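Which chain is which? They are A, B, C, D, E, F, G and H, in the order written, and residues in each are numbered from 1.
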Amino acid sequence: MSTSGAITLDLERRARIGIEEAVLCEGKTPEQVADILARADEAGRSLLLTRLDVEKRDALPAALAERINYEALSRTGVFGTVAAPAGAARVTIVSAGTSDQPVSREAARTLAYHGHAAEEIGDVGVAGLWRLMARLDEIRAFPIVIVAAGMDAALPSVVGGLVPGLVIAVPTSTGYGIAEGGATAMRAMLASCAPGVAVVNIDNGYGAACAALRALGLLAPED
Amino acid sequence: MSTSGAITLDLERRARIGIEEAVLCEGKTPEQVADILARADEAGRSLLLTRLDVEKRDALPAALAERINYEALSRTGVFGTVAAPAGAARVTIVSAGTSDQPVSREAARTLAYHGHAAEEIGDVGVAGLWRLMARLDEIRAFPIVIVAAGMDAALPSVVGGLVPGLVIAVPTSTGYGIAEGGATAMRAMLASCAPGVAVVNIDNGYGAACAALRALGLLAPED
Amino acid sequence: MSTSGAITLDLERRARIGIEEAVLCEGKTPEQVADILARADEAGRSLLLTRLDVEKRDALPAALAERINYEALSRTGVFGTVAAPAGAARVTIVSAGTSDQPVSREAARTLAYHGHAAEEIGDVGVAGLWRLMARLDEIRAFPIVIVAAGMDAALPSVVGGLVPGLVIAVPTSTGYGIAEGGATAMRAMLASCAPGVAVVNIDNGYGAACAALRALGLLAPED
Amino acid sequence: MSTSGAITLDLERRARIGIEEAVLCEGKTPEQVADILARADEAGRSLLLTRLDVEKRDALPAALAERINYEALSRTGVFGTVAAPAGAARVTIVSAGTSDQPVSREAARTLAYHGHAAEEIGDVGVAGLWRLMARLDEIRAFPIVIVAAGMDAALPSVVGGLVPGLVIAVPTSTGYGIAEGGATAMRAMLASCAPGVAVVNIDNGYGAACAALRALGLLAPED
Amino acid sequence: MSTSGAITLDLERRARIGIEEAVLCEGKTPEQVADILARADEAGRSLLLTRLDVEKRDALPAALAERINYEALSRTGVFGTVAAPAGAARVTIVSAGTSDQPVSREAARTLAYHGHAAEEIGDVGVAGLWRLMARLDEIRAFPIVIVAAGMDAALPSVVGGLVPGLVIAVPTSTGYGIAEGGATAMRAMLASCAPGVAVVNIDNGYGAACAALRALGLLAPED
Amino acid sequence: MSTSGAITLDLERRARIGIEEAVLCEGKTPEQVADILARADEAGRSLLLTRLDVEKRDALPAALAERINYEALSRTGVFGTVAAPAGAARVTIVSAGTSDQPVSREAARTLAYHGHAAEEIGDVGVAGLWRLMARLDEIRAFPIVIVAAGMDAALPSVVGGLVPGLVIAVPTSTGYGIAEGGATAMRAMLASCAPGVAVVNIDNGYGAACAALRALGLLAPED
Amino acid sequence: MSTSGAITLDLERRARIGIEEAVLCEGKTPEQVADILARADEAGRSLLLTRLDVEKRDALPAALAERINYEALSRTGVFGTVAAPAGAARVTIVSAGTSDQPVSREAARTLAYHGHAAEEIGDVGVAGLWRLMARLDEIRAFPIVIVAAGMDAALPSVVGGLVPGLVIAVPTSTGYGIAEGGATAMRAMLASCAPGVAVVNIDNGYGAACAALRALGLLAPED
Amino acid sequence: MSTSGAITLDLERRARIGIEEAVLCEGKTPEQVADILARADEAGRSLLLTRLDVEKRDALPAALAERINYEALSRTGVFGTVAAPAGAARVTIVSAGTSDQPVSREAARTLAYHGHAAEEIGDVGVAGLWRLMARLDEIRAFPIVIVAAGMDAALPSVVGGLVPGLVIAVPTSTGYGIAEGGATAMRAMLASCAPGVAVVNIDNGYGAACAALRALGLLAPED
């Protein structure tokens, strides 16, 4: 048996669609991740790493691991050097509870990797509606709103009925029993009574940020 | 083969648990429904009929059909004579949209059959949150609140976070696609972020009313 | 039992979030639809009607029905008068096959109702990839791309990997067996390997258009 | 990226709906739980902690951990000081088997935290019906009955047909195979042939107790 | 294309396993059913027909249809002549409610077709437990007990805990919403807390009877 | 709104992959089907039509309908003229019961449309294993074996363990209850204990035939 | 809060239904299991323990653990002394592969605990049909046949079509992917094309044996 | 209880269907695997081992373990000696991403064990369509194409529309959330819009290779 070219980085992705390829580390061995990093290093490229557990990070060769800017809550890493975001945030990431913060943070880290600031607004779940209402004017001011919520995911429906901006909902695996690892939140978001709520995969903060990146391309540069 | 006693009415149910037996007409032939009515007639009893389609009602012997007080939206019928509810309503039935009204009405009809008035408050879904807020004080005044909603069922979570009374949530089959005939609403209600929301089966206005009947027994007579 | 205010139109929705309330006619009786139309008429408002079967349209009072601009393929109606869209289309609606056209059309009708032109590009499913490739430059020129597909829903993944604009994917119920009324297409879209594909409910052309309306708000007026 | 106010306690929840906010520790890091406890400490508040594994409890700073009254079977903790329940129990928690006791205990601990005594009646599953019958008069005397059961969840249907009080059913994850982590019990409870059985999420002893707290508010103070 | 021998009756099935082949008419065209009857007629055999709607029966050639002993409730037909059952019933078919009777009857008809009497005991669902208790001694006297129930299917668990005989549970599609066409009843039966309850497919009265036929072979002839 | 080129036939498909495009008529209006036929007619092409109900066929313009060679059992039509298959059959289509014949026939019709004969062998389900054994030598002689079965789909596992040829399994929607429209058969086929059984969608006789067409390309012309 | 009588052994179960109560150890803490054993010891009773992992066995007090006759493959234990089975086996337990042996053994151990011998016949899956055929006469000689199989579970359908005895099918969790922990096997067994196959829960060797115990009661003592 | 012949190797399988029996090590204890190896050793046979974790391999007796040619990525082992593949590869295994390589490798190892070379072509997922297009001519040259993909599994649809060879699709468990362990990929493949794509179980590289082995038998020896 012969094997040819196991790794083929999609280096032109940003030029083509405005989004860099990222590496989903879950489901890959440390050896596979290390190979990918080495390949990127040869090409002089930075890389965004998602779902990189501390254990897997620690299993990488030290020379590679130490060049990763790692954030534990979101399990994201940035390999190589990227410029810090400049300019005011045009995306807000609204989340329902403390358990939704890893997803919120993954979205924020993805946006930062692409040069965009984002404002995280946490702990505004609808069980205490006043918390959301207290920050509504702030949220309404953003043209792009990512909403992360688990369990019943009532938050994006309420937000979607109140703000005119693009609403990107990301279900989280918060909850137990019938919450079923985020499946109920995902279903509720797709069946939202608020018009025009768009949804990405469960716990996919990266994907929500990518949709936001596509939308940021619609804004005038100095919006 | 021999068949003994195909129909055995549970005539002591009200004495035992405070709720009359009702007849779920869906899944029964008109002949079976007619037999049950005849049996009740012999026993001098009234009966609540649920999910009785107009077509099935019309297929009953005229002598029986004309003694049914029928309401088309909820597909409920009352066979025999029952006294009108007396006293102020202590239950409100809050619903999200026009399509949830059949379920809301089934609950109201069931309560009325047992002698209790109820206040229906419709069209207060969270996509237009102001509609709910405008009536919040009114809703908060009821000790028992039934909430009927389909699609994402965000309404009971918002209500549950705002009112101190007993909240009984009934998912409806409103919606399409991933709403899946009410399954998503049911799941979201069970995973509600608002504490203490209790749930009954999809489209089960009758069951929600029965839970309310049990709770009405907790109230002092002149509450 | 008393019933208060069964219908409460959300007349300020457009001012609040830029989208008009629409009436989902499926699951409502002709009487309920007629009541809503009468209420809108009193308020001097137009209304978008979705999932209005020909049979239900014909069951409306003639005086109301004749004021509906009806389109059979998408089962949409516009009650009252709205201005025709002006300006160039900034949204394209790409669909995989002939059976996806009702959904594509519902999206186009919704956009038109809100004053926006859209370009429908049909029959470009990936089983004959050349059909998509032949029109790729055309599609890439739009800032907002709605993609409607059923069955395996491979189309939005391919499109999402090739175009930089906002991609809104709407699964359709096209297909049988394991296609399960669009559930497989919906799942595949949410699990898309292309980054940043945002998804709405099955057959929800209306919802896809509403997400596009939110995104259109991001564009400079003369983009 | 900036992050504002990651934790916002809903300190007015008891005043608003009669139920204190609780902290679901599952899905939170020890650091997040410690932050929440510190915040509560600053506000001079007690807190109920649910689904707190021994391991996570042990990972908290000792100064915080030692102020937690911990109960291992239910994995609940009470941070700070609360008064012991006074008065006779008006809620009973009936459970089917030994494996359902963690859920039963979580409900009892939640009620106690709010000042209400409860009577736990265990091991009365219907496979040995005499066990239930022997205690039926005792159970019937309570105005509020929580029923915890897994597997086929036949217990709440039998209880619901025999007692007039409010029946709150909580499915448990007891069982294997098609019991599917409590999903079958939950479904059976929602489809109960006994009228007016209200259901909460799987293993949600906390939620069942919260529904009971809402119902306790209906009772006259000296009922 | 050539087609050989589209119909091959399994005429030796009774000799092999004690059960005659039956014809499931659902999913077959009237032409296909007629062909099968003609083939049986040639072979001088009788046939049991299940799920034969009145419409399909009426669509058969009159010469064949009039030789069918048809029973509408169970939608079963017997083509040809079979001897009436002789001897006392050793199987009882217990069912929960009126809507379960078609399944109960299908089982009874299948047993009768094979020469065995059966006793149907209906309307003993557990919501009114006294109905079951009143007939318990009678049920306990049968060595083989078929239990048909829909919705939550609590009945076979209660029966299984009280009787020593072989318990064959057949879930029915009675109920709506989460009852899901009998899926919940089936799951609950398989997860029964009563030991040794054996289950067949939803609405499969025929299959329950076939399992009983296998068990009848275990009994001494004059048991 | 503008619509461009709603129908784009993939006329080069046969040259590219050896299979003609077919028209799935389910989910298309008669108008859409007629448009496609007219387009094919202009191009001088024949077309295979699948899932064409008699009602839809009759709703086509007579001038088009009469040019369709229609077969009712499989609901297939051939528009235009195609040569009859020549040469010996190298594909057999084995099916379990009479209800599986529509799927078997759809596969045979699809093969015939592409010029290949096929041998249908029906009614050999494993409940009467001797029926299969009696024809095993015949089946083993074919290099390509399509197996159609519903319910538990045990047939392809038994066949797959006995024959060396390529086994293509097509689940059918035969059965009720937990057979769930073919989902159980599909799952069982994919989990087959026989090695190398390949599976297509439920009721997809067309797809099974297409896989066989791909495999026929592997055979030497005079194999 | 007060807790009364957490453990109530059903000591009369054998007298009532011929089956001893068993203790499902999964989901119970070692402390709970030890309490139950102590209670049984006081009552002078033996106990069958199922799903008792080695780790949990080792966590029991040594004085109790050493009185358990433990079998690792089936994870069963017998606490106390029981007589060895006497007489010839009247039950056979047929299984498809090596991975199904734990379930087969659990059934055999349960039967032995109740005094009945059983014959285990393994590794006769249908992928190599000759293995089954070689032992068919042996299997046909048993009046009661338990069949354990995972994956596609074709084995009970083939057996059910060939033997006249009572067939009790127990799905196992053998397999991966779509085998879904035994769900596919369970579904296939319930949809079996062989008539009268009765099914128990996934991996429930105990339950299959209990059904066999009920059936053994039908046999004449010296059958 | 007695146990006869727990292990029965199907040594004639290759002669019967051209495929050797393989041992699925997952779900077997090390003792069971060792027994099987010893039995094969006695018979002088080699064996293919699949899903053999490093831990289980290390738990085997050293004398057996050292005779296993182990490959860690695919978790496959070959016990005994087999000849290296000879001749040019006639099968290619195309995969979407690095995480799909274990499945691709399992297929390649299975083919090699049976004497057939295979060409693995990785990292050609459709999110970067140019990667597939760059290698399309190469892929089109193979008569048999295995396609491994997870997540949305768009790759086999694109490939199936472009190549004329036999396409065997194997879904992988790559992805998270709604990817559901490969279930979404499997569903999408079965609902593929490309005609004649045949599917095997999730992560079943072994099964895909077995289907390819069946197809290789169709090719002339010197193709």
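Following the convention adopted for this analysis, contacts are C-beta pairs under 8 Å (C-beta built on N, C-alpha and C of every residue); 3 or more make two chains touch, one makes a residue touch a chain.
Given the structure is predicted, the values throughout are model-derived calculations rather than measurements.
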item: If a chain touches chain B and chain C alike, it appears here; value: A
item: Chain of greatest Cα-centre distance to chain F; value: D
item: Chain of greatest Cα-centre distance to chain C; value: G
item: Proportion of interface numbers common to chain E and chain G (over half same, under half different); value: same
item: Angle (degrees, nearest 5) of the CA superposition of chain B onto chain E; value: 90
item: Which listed pair, E-G, B-E or C-H, duplicates the contacts of B-C in over half of its pairs; value: B-E
item: Cα-centroid distance, chain B relative to chain H, in whole angstrom; value: 55
item: Where chain A and chain B are represented by their mean Cα positions, the distance between them in whole Å; value: 43
item: Distance between the centres, which are taken as Cα means, of chain D and chain A, whole angstrom; value: 34
item: In chain D, residues with contacts to at least two other chains; value: 127-128, 160-162, 173, 175, 177-179, 183, 186, 190-191, 195, 201
item: Each pair of chains that touches, named by its two labels; value: A-B, A-C, A-D, A-H, B-C, B-D, B-E, C-F, C-H, D-E, D-G, E-F, E-G, F-G, F-H, G-H
item: List of chain A residues in touch with chain B within their complex; value: 96-97, 125-129, 151-154, 157-158, 160-162, 175, 177-180, 184-185, 187-195
item: Chain A residues within the chain H interface of the complex; value: 1-8, 10, 12-13, 21, 24, 26-29, 32, 36, 51, 171, 173, 181-183, 186, 201-204
item: Complex interface listing, chain F residues touching chain E; value: 73, 85, 89, 98-99, 101, 108-109, 111-112, 117-124, 127-128, 130-131, 173-179
item: Complex interface listing, chain H residues touching chain F; value: 16-19, 22, 143-144, 160-168, 186, 190-191, 195-201, 206-207, 209-215, 217-220
